[in-house]
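Order of writing sets the chain letters: A, B, C, D, E and F. Residues in each chain are counted from 1.
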Amino acid sequence: MSQQSAFEYLRHGQAPFFRLPLCDVQAADRYHGSDVVLVGVPTDAGTTYQPGARLAPWALRRVSALVQSYHATAGIDVFQTLVCRDGGNVAFPPFDRGAMRDAVQAEVAAIVRAGAVPIVVGGDHSVALPALRAIHAAHGPVAIVHVDAHLDTSSADTWGDEFHHGTPMRHIIREGLAEAGQLYHVGIRGSWSGADDAEVTLDAGNRIFFIDEVVARGMPHLCAELRERIGRRPTYLSFDVDAIDPAFAPGTGTPVPGGLDAREALALVRGLAGVRLVGADLCEVSPALDHADLTAHLGVAVIYEALALIAMHRVHDA
Amino acid sequence: MSQQSAFEYLRHGQAPFFRLPLCDVQAADRYHGSDVVLVGVPTDAGTTYQPGARLAPWALRRVSALVQSYHATAGIDVFQTLVCRDGGNVAFPPFDRGAMRDAVQAEVAAIVRAGAVPIVVGGDHSVALPALRAIHAAHGPVAIVHVDAHLDTSSADTWGDEFHHGTPMRHIIREGLAEAGQLYHVGIRGSWSGADDAEVTLDAGNRIFFIDEVVARGMPHLCAELRERIGRRPTYLSFDVDAIDPAFAPGTGTPVPGGLDAREALALVRGLAGVRLVGADLCEVSPALDHADLTAHLGVAVIYEALALIAMHRVHDA
Amino acid sequence: MSQQSAFEYLRHGQAPFFRLPLCDVQAADRYHGSDVVLVGVPTDAGTTYQPGARLAPWALRRVSALVQSYHATAGIDVFQTLVCRDGGNVAFPPFDRGAMRDAVQAEVAAIVRAGAVPIVVGGDHSVALPALRAIHAAHGPVAIVHVDAHLDTSSADTWGDEFHHGTPMRHIIREGLAEAGQLYHVGIRGSWSGADDAEVTLDAGNRIFFIDEVVARGMPHLCAELRERIGRRPTYLSFDVDAIDPAFAPGTGTPVPGGLDAREALALVRGLAGVRLVGADLCEVSPALDHADLTAHLGVAVIYEALALIAMHRVHDA
Amino acid sequence: MSQQSAFEYLRHGQAPFFRLPLCDVQAADRYHGSDVVLVGVPTDAGTTYQPGARLAPWALRRVSALVQSYHATAGIDVFQTLVCRDGGNVAFPPFDRGAMRDAVQAEVAAIVRAGAVPIVVGGDHSVALPALRAIHAAHGPVAIVHVDAHLDTSSADTWGDEFHHGTPMRHIIREGLAEAGQLYHVGIRGSWSGADDAEVTLDAGNRIFFIDEVVARGMPHLCAELRERIGRRPTYLSFDVDAIDPAFAPGTGTPVPGGLDAREALALVRGLAGVRLVGADLCEVSPALDHADLTAHLGVAVIYEALALIAMHRVHDA
Amino acid sequence: MSQQSAFEYLRHGQAPFFRLPLCDVQAADRYHGSDVVLVGVPTDAGTTYQPGARLAPWALRRVSALVQSYHATAGIDVFQTLVCRDGGNVAFPPFDRGAMRDAVQAEVAAIVRAGAVPIVVGGDHSVALPALRAIHAAHGPVAIVHVDAHLDTSSADTWGDEFHHGTPMRHIIREGLAEAGQLYHVGIRGSWSGADDAEVTLDAGNRIFFIDEVVARGMPHLCAELRERIGRRPTYLSFDVDAIDPAFAPGTGTPVPGGLDAREALALVRGLAGVRLVGADLCEVSPALDHADLTAHLGVAVIYEALALIAMHRVHDA
Amino acid sequence: MSQQSAFEYLRHGQAPFFRLPLCDVQAADRYHGSDVVLVGVPTDAGTTYQPGARLAPWALRRVSALVQSYHATAGIDVFQTLVCRDGGNVAFPPFDRGAMRDAVQAEVAAIVRAGAVPIVVGGDHSVALPALRAIHAAHGPVAIVHVDAHLDTSSADTWGDEFHHGTPMRHIIREGLAEAGQLYHVGIRGSWSGADDAEVTLDAGNRIFFIDEVVARGMPHLCAELRERIGRRPTYLSFDVDAIDPAFAPGTGTPVPGGLDAREALALVRGLAGVRLVGADLCEVSPALDHADLTAHLGVAVIYEALALIAMHRVHDA
């Protein structure tokens, strides 16, 4: 069950992720037999500045048609190795964040129950919390590689709300979804409201890799440290596209200059080779702010590297 | 208390609506002595398709600096005639629609209590409901000129939600905020889910002016009918910028081809001369989708015509 | 077999035309039981100036999701009345114009054989020739309403080529696909290489409605003339989006200022009520040149009006 | 000396106006034998709001390559009838407005001396004053059709400067370059600083056609009045592209909603048939603010209509 | 006198720099008690290619609202440590460069007299000369870190003008505003008119750091050299945003490929830690050419790093 | 025969490459006496995804006007050292790829016969094959530095066509235009259809430098290897702008994230110093997808570095 050929793709006229087969969204056993299921979550109701990420699943599907199956430098045929499917979107009223959380949690749980790795394509970063709740239910506390310009540990103080897109890591820590000391924030930069923005995560023993450290040490060394610290723990990758510099990823709602470049972003995922990925999200692509699909293409490339990671793990480590 | 000169405006470096004096938002009597107060409502949490209208108040303020005081064809100096002020924005968490409604209602009530006419600059069209609740508290049921591509009478059926931006007119009718038969929908077009989309408003005796009728009869005749039907009733103008054709107003979230052109939009407001305006809103400008500020300039021009209407009423009819 | 609900649409995460059911492109009887089939033709190999129309089928499908079933002013539920399906795209190498013509002709022939009306979504205007060859095979010479800024009667003299996007009407006339005197060019304007650009069509007794005549007479009168001249002939609508003024349809490759406005474009199709439509195309939308999907939305609205035309004919005239 | 063919144009790889022959800018007699000379003036040093018009001559040349020689509705082959040439640009330091005025006046004088009609492609509207000084030197006071959203009669009061782009008509009146009562302002709209903005021109007996009057009477009637009033006077057309609605002409620095549509803009020039044009300018196209070359194409179309006017006058009235 | 909270900011509806308090521009003692004053200079009258920088102060203010007070890697709360204020804009006719220079010099002098550090937000680079004249009056010859793609040492030869945006460094050297040997040009690249473009600055003993040297040595080493050379001299930072690669800063008028990336730009300012900054400018942001506010956000980030520098100096070195 | 001055350039109003003299395209000896001739090839008929590169020659000419003659870091005056000319475009029907290949081959042959180095400005990458056929006719098999994200070794299997823009390197290898082992692919990345995509070139002994190797080794080391391997062989540079990361070169049809940055792209060309360049192409710039001319400026900078390379070779190695 590999990719459609270019001709099949053109012929169908639709844009599933990576020209993959579509799940029958009515079928109870729709995820059965899949290794990986990609689902979109069209939400931006938790955005604090510029919204628009709700439209990302369509934009990412569209440009993902350009990706082919064989990963030349990894030397692996991703869609021959893995049974990947497009699970459609999680659907809910676009302005109801509670309904979104419930629906995402249920969907990810269903994917996990079927033995597949869920890849959640946001939407804003609020999708990480329900995804991790479902992951936790199956795997217990996991390691989390959280790639982001922001810590996402805000409390209700700033905006009078507990569940906006700047809060998921606070909940994830508080609810014990990440193993203590196993939440890694990579790409952090910009200004904070105060020194205590980081308290909740530092108190839990977690590690912040500021962008300056990324630059100073180089991505390979940083990845080596991540791999060593994580070991064989089940791991979740939560990738907020604003970790990447706005020049490479202009289509996002809360840009912060000075981020990862595209090669570092891809190298970071590739550098996790050997880590056991049990789930991932790619968030905060906002198509209306994008240009020439820069951010969509890069978001898709990040997901493709994650798929290659899972494929290689399947071949080499399983 | 007229406009800042161009030099004053440049010197202050800020962008209040129409270079107007700013209210001291801390002062209890901040609206005292005003004829008109403009307030922004940065919300788009009720958007069903493309969000972004939360950023409209800044965009509209910025381009409103180009508008000068004297209305050449009306022959009236708007900002000499009226004491107009920029009341700042209504503030609330960007994702809490209940809090938004409460805050807008309270603010509009405060403006009305001070004897001023409130002009609410959205934000998505959800702002109309709380504005009209406050208007109703002071004036009782009013006439409403609702300019829009959509009826905004949706129920919770479509999106599982009672209060999104496609619902305000249903609530306004149900809560009796509009006098029966005195809600005029102008510019309606596009496709509906079914014939009963219009039921709630037709049952209340209201009138739909489809765009085809606007074209066939011409705006002057249509305005004459509106003026005659409305008479001396207190009237609220609710202007969704998507009533205007997307060529003239591309910066909006749910565009529908075939709308009003810019001249008709302005002529419609101007054609209400003599009507007693007790409040107005201008909604659904979405700056990220705009080009060359087309929609922002046009939204501002609509507001300016409404101000001229109030000024002329003050001079001629009061 | 009506439209998907908004929730179904979101859930599937795909973008078929108008949220319609997809044909199984492998099934031999895939068009069986359809009243109308929409197919995309992703080609722009015949473009003389700015290409890009090959990507239109995806753009038009995407924004067509906003259209609902009920046509409020016609008072007809389009997708309840007609069995409409998305037939996918016609596929061929993107640079082989001969292969494109063969494939489009075959596909349209298959749709016609199944008793359905084909609606061809280009791509550049080269798609009209093979579509009409297939139509002609079934219906003989037809009436053609050709909406365009250009006559499309160029010979090989200008570009050394017989089959670029400025030539289809020359071939259609020469091959007798249009009944003599029954090819109507509407919206023609701009400059020509010489007076004899029009010879081939005028010699065939056809009629050119320059944009000036459209303006002077008004669209209702022009449509009345068209309806009367056409009578009960089987009719094909060939709609080049550059007939519309670039302000309303910026996303097209050879823009000519001074065209139809959006309301006239829609009124033109609506004004053909009673005409028996046996096929249609909508061409030359170039998404890379579009802004805020203006052209895509308007192209979709034109197609929707054509569907409503067919639906009304089914109800009233069949 | 007609247009280059499409192949010649491609082959040269350059973009002269309308694919016309270039003057040898070193030759003293370079305008000799021309009927019309087009010169660019890359200046925006007089802009009060958004600059950028200095780059218009390149943008307009580029898109003018799409225009062909034969004017289908006028039935005249423009570039066969007239010897038209591209005279290059007038060159001067981009920030020296005095030098610009001197250089433009000298160049236009040279064109006029050679017996040709100068068409000045701005740049901002400051180019009108020196062009008219040169015209006046040859023809004495002329009739001026001034198409604009603004009166351009500002004094030094607003910006502390006598010669910005909002002032040319004041100088033109004061210096007697227009015959008293023969300056026609068409398309005027928007807000003014006060009623006396119009004093200088009304005192000179000139006529303001507000956009409302244009709409109410229709362009044909308005043009008939213009033709009758002007008679056989030598006439200058000064066309500020912001006369046109920003939807049709977004690429301009001081947009005012509610202007002419593209068809009216073209009909206005066409409606001057019979008038003796002795010079023209097309100003205020700002490419950085344009989209899909809308404004550039429309500006070029206005110039083409002016050329057709001259050609027809040559044939019919000379 | 720290930043407004997010709610205060929303409530006021205005966009001062960094949500800072506004100076009362009428008050004679308006800068009294400030540590830093930011003033905008809306000018681009000295631009040689694409203008538009006059609109930068509004764009930069708008996006600066996203910056918070605490600098996480420096570990300092910038707006708690320093009394920073928004001084509004310097106002003058937009086309009068002499008036601009006089006004900027006077304003910067006033800020310096009040004991505050002026940060001048251009506008084009012409603002550097008057700013440095005022700085010189108070501090004598200073060290200047000039970050730019261009040397800005042009004479009147190229454009027949002494004071355009490519000339300030020539004047600064000639007028002795920089200490000989203490003008550092960083980021220089691209083509020159000839080898002698650099003469005036090399003859003065100054140092050019071509981009190639920046890359080869790395920013930390280059900054170490700068710090050592500068020592405790009063220092002015003149930052032309075109020093940065156009991918990161597309919104500028004379882009040169191959510049600093965003991280280097920020590291450069940060690397001046310990240097005594007595003034700074940030120039040449041109909003009309920007995309998704990339350049505005980055310009603001550069200013924020300069503020952090001053704050740290206040704490550690004063 | 050096560059026009800025004033000459402005005066002529045309945009030849680098303000260079134009060849008289009618003259048989038009290339006589030239060291380098630049020709545009306006074709994109071989594009598989997003077309538009046909318009690149105009865009690149336009922005090349900003480049000056003196290369500051190489210390050479390029246009004083070399007689460079703009040879116009190669002209052919925009949709006839066979005619394009014949015309390009003939033109490049004519340039080579005149003793000049041809620089071919595409258009899509299909131009490389005919250019190299002409080069081969004069020089025999050459070394080729192929800078690209893609190998361009596709067969007819994918798209049913032998000569699209993804195939030139297959033909070049098969036809023996490159010396075996002397085709260097630099910047390769992204996904492939399978491992055998590289077979044809690896079997010929050629070398692939994946982007990861470029990053790991650094451009200087990679260039040293290239120089050593190539030695004194005649060398052709084939530069597909999509080798560069889309952040730096968004205006291209098949973007692949993670490419060269602008400095590496320029350093790569500069790093070939000493290599004997006998021809070059710069392809796949697609202006409609560009923003703020980023890609056009960078493409021009790559060409300028190639010119400097030739100039230095002339001075130092000839």
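Just a few scattered comments:
We take it that contacts are C-beta pairs under 8 Å (C-beta built on N, C-alpha and C of every residue); 3 or more make two chains touch, one makes a residue touch a chain.
Note that the structure is predicted; figures quoted are calculated from it, not measured.
Annotation of subunit B and subunit C: jointly contacted by A, D, touch as defined at the top. Of all chains, the one whose Cα centroid sits at the greatest distance from that of subunit B is F. At the subunit A-subunit F interface, residue numbers used by both copies make up under half of all numbers present, so the two copies contact each other through mostly different positions.
Using the average of C-alpha coordinates as each chain's centre, E ends up farthest from subunit C. If you average the CA atoms of subunit C and of subunit E, the two centres end up 55 Å from each other.
If each chain is reduced to the centroid of its CA atoms, subunit A and subunit E end up 38 Å from each other. Shared contact sites, meaning residues of subunit F that touch two or more other chains, fall at 159, 245, 247, 261, 289, 291.
Shown are all chain pairs that touch, namely A-B, A-C, A-E, A-F, B-C, B-D, B-E, C-D, C-F, D-E, D-F, E-F. Considering their complex, residues 7, 10-16, 22, 25, 39-40, 42, 57-58, 61-62, 86-91 of subunit C touch subunit A. Residue ranges on subunit F touching subunit A, taken from their complex, read 49, 158-159, 188-195, 197-198, 210-212, 215, 245-247, 250-251, 254-259, 261, 289-291.
Those residues of subunit E lying in contact with subunit A across their complex are 6, 66-73, 75, 77-78, 245, 247-248, 261-263, 266, 291-294, 297-298, 301, 304. Contact residues on subunit A toward subunit B in their complex (touch as defined above): 44-48, 50-52, 54-55, 92-97, 99, 159-161, 164, 288-289.
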